[in-house]
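Look at the two complexes coming up: chain A is in both, with chain B in one and chain C in the other.
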Partner chain A sequence: MDKFAYFWSLIIVGGTVFLMGAYRNVFLKLCFIRWINRKIREEGGAKVERLENTPIPEPATIVREAVFQKRIRNRSVFLWLRHCLIFFGFTAIFALDCIYTVFGHYFHHYFDYTYFTSGAGRAFLKAGMELSGAVLLVGLTAALVHRVVYAERERTLVNLNLVLLLWVVTLTGFLTEACRLIGEPDDPFVDCSFVAGPLASALRGIDAPWHALATPIWILHATVTVAFFAYLPFSRFVHIIAAPIGRSITQDGNYGRLKRERVTEGLL
Partner chain B sequence: MSQYGFYFDKEKCVGCRACEVACQVWNEAVQTVKWRNVTCLTRGTYPEVAGVNASLACMHCAESPCKKACPRTAISKNEETGAVTVDRTRCVGCMLCLWTCPFGAPQMGEMGRMEKCTFCEERPVGVIKRACEEICPQQAIVSGTIEELILRSKQVAAERLSWDARTEVVLGHEEE
Partner chain C sequence: MPITNKMKIAYASVVLLIQVYLVYAATLYVTPWSAGFLCVLVAAAASAAGALYYIFVVARDNEIVAYNPQTFLEERRRIG
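== the complex of A and B ==
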């Protein structure tokens, strides 16, 4: 089977599992919450204006909680830094990967658009993906070490298997790129690969059939990446989807106070 | 399974917040935010003023909406007591439980995980009173099985109606 045929089969299976998980663990939950809140409103009782309208995510909470991670910052600078490295690294590499897939692959294929395949856009994407991958790898390594050292305390906060899976995804990504560079030493954008480039140089010194290993490592990377995305809605990483929605709508807990006020108002 | 819960008497509550303190003291080891909150509301202007105090915590609902809303099945119901508790090793702090709870009971703890009343799970149910119940100087909070609490509620209502000085209020003949 052609490696891209395998890749697209994986994407279809992984994407289906992801959508099923997102439907079951996020979409249905949100529908249930909307239904129960509407039922409470319709059944009467006291009115609190901000609870009567359809809740709208609060941008300030999203910025404070998701972008700046203020709550984690209040706990510890190290934990905040670790979380920021993982969050920004993951978000950036995911976005750049999407840009590369859409513009570098499909636009190139169907419209002969070459800016992201051989133009300056390619250098930008390469450097961006290397940087975000490195940031993600550093954050994940810090998380793994911290999780192992403070196993008891961190057990409630960090899922070791999940972090390990994402760490393997990132590491195999660099290995895949390094193997490609071993096979294509004249790549004009090799300078942009400031992590995979030196890694390729180091691997060349080891006597192994790297060129032959390139495809199996690529397949391994693709498989673990799709496995990670398929597992995402069933794992703790579901907070990537659920937490920004829940936290911004509940205004970081202020919503609870309003609900208590409504109950009290009903007793008046 | 017996379903335990709280009975709260708004006529007795004086808003002293002793229940909040007792809850925090008893659960000191695991509590980082207030699980029980007293809300004091006043409406109107003198001399037409109405006020009420309500001590609210998790009601341990029979059909717990928070449990159904949790994307990580971190919220479970105790099979013996019906107490609804959060497993912090599974919680991701998305706050969907707070969004769905009619009483605004779950709170975000300092560790980024949701916290709520555990029905004083270390205290044997039916043997020792809950911390908030034990401390309340007015006995405004009472815990027990739902059947007991419904019975108590009816008794209290009946007593209050019998004390009512208004002659027109006769139980079962309100319209006459």
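== the complex of A and C ==
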């Protein structure tokens, strides 16, 4: 079995596990939230969203809590900075990687263009992924160090295995790109790889069979990445999706205040 | 209750469509009907069966992490 057969089998299995977790922890919750909002509205009770039964919080709530993450800043500037590095690094590299996969690896089979395969678009995406990957790696490293140093206090708040898994995903991503650059030293976009490029130069100085290691490292990166995404909806990272949506129930009145104090802080 | 059979069927259909699409996408990189492609097909068939079993048999739709929807609704009513 070649590496692509393994990769696509892995994607299908991992994607299905992700969708099963999303059913349990996102889809069902959406149905619950929609059902509760509708019931409360029918009873004329507490204020529920202006958007009838749609479980979407107010835009101001999304900006304040999902983008600026004010509630975490109230706890500590360090925790806020750590969370921002992980949040913005992860969302940026995920979005750029999706664009790169679709336009750099997929659509060119159907449409004739070079912008994302050998043009400026590829350079932009490469540089963006390097920057967001570096931001993510710094945030995750800070999270790991903080979790280890304050193990007692953070044990119930931070899932060490999950953070470690994403850290390995990010690190193997840079290693995979570095191994590719070792094999392709004349890559015209090597300057865009401002982290993996110097890493490749450093690795060349180490006497190791990098050409032979390139494929196993690629497979390792693909495997841990798919494992991370499959685990995502079963883990606390599900709050990336569920927390903003759940705020359509909790953003108003006493319930929101109590919910914030009791439950939501624990997820951060 | 919040979840109906129609919703479950809709969700399962989306899962199956995504799997069919991924098998199709795999043909761009793996030679159709080669040994590698058969592995992809086996993975897809096993995943589809697992997903259907999970959605229609295993998943407990009346509970989210110990939160029963009725309990959740009553708490929401009580607190306001």
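Rule of thumb we're sticking to: the second predicted complex is superposed on the first by the 227 of 268 C-alpha atoms of A that agree within 3 Å, B and C clash if a C-alpha of one lies under 4 Å from a C-alpha of the other, contacts with A are read in each partner's own complex, and residues count from 1 in each chain.
We take it that a contact is a pair of C-beta atoms (placed from the backbone, for glycine too) under 8 Å apart; a residue touches a chain by one contact, two chains touch by 3 or more.
Nothing here was measured: the structure is a model prediction, and the numbers come from that model.
Student: After lining up the shared chain so the two structures overlap, which partner does A:Ile40 touch, if you call chain B first and chain C second: first, second, both or neither?
Tutor: both
Student: Identify the partner contact of A:Gly121: answer first if only chain B is touched, second if only chain C is, both if each is, neither if none is.
Tutor: Neither partner.
Student: Report for A:Arg155: first if it touches chain B alone, second if chain C alone, otherwise both or neither.
Tutor: After superposition on chain A, A:Arg155 lies in contact with chain B alone.
Student: Contacts for A:Lys29 in the overlay, against chain B (first) and chain C (second): which applies, first, second, both or neither?
Tutor: Both partners, chain B and chain C.
Student: Which partner does A:Gly183 contact after superposing on A: first (chain B), second (chain C), both, neither?
Tutor: neither
Student: Return first, second, both or neither, reflecting whether A:Thr16 touches chain B, chain C, both chains, or no partner chain.
Tutor: It touches chain C, and chain B stays clear.
Student: Just chain B (first), just chain C (second), both, or neither: which does A:Arg71 touch?
Tutor: first
Student: If I apply the document's touch criterion, which positions on chain A are contacted by chain B in one structure and by chain C in the other?
Tutor: 25, 29, 32, 36, 40, 249, 253, 255, 258.
Student: Over in the complex, which chain A residues touch chain B? Could you list them?
Tutor: Those residues of chain A that touch chain B are 25-26, 29-30, 32-33, 36-37, 40, 55, 71-72, 74-75, 155-157, 233, 236, 238-239, 242-243, 245-247, 249-250, 252-253, 255-261, 263-265, 267-268.
Student: Quick check on the complex: what are the chain C residues that touch chain A?
Tutor: That would be residues 1-3, 7, 11, 14-15, 18-19, 22-23, 25-26, 28-30, 34-37, 39-40, 42-44, 46-48, 50-51, 54-55, 59, 61, 64, 67, 69, 72-73, 75-77, 79-80 of chain C.
Student: Name, in rising order, each residue of chain A that touches chain C in their complex.
Tutor: 1-2, 4-13, 15-16, 19-20, 23-25, 27-29, 31-32, 34-36, 39-40, 43, 45-46, 106, 109, 249, 253-255, 258
Student: For chain B, which residues count as touching chain A in their complex?
Tutor: Residues 10, 37, 39-41, 43, 50-54, 56, 65, 68-72, 88-89, 92-96, 98-108, 110-113.
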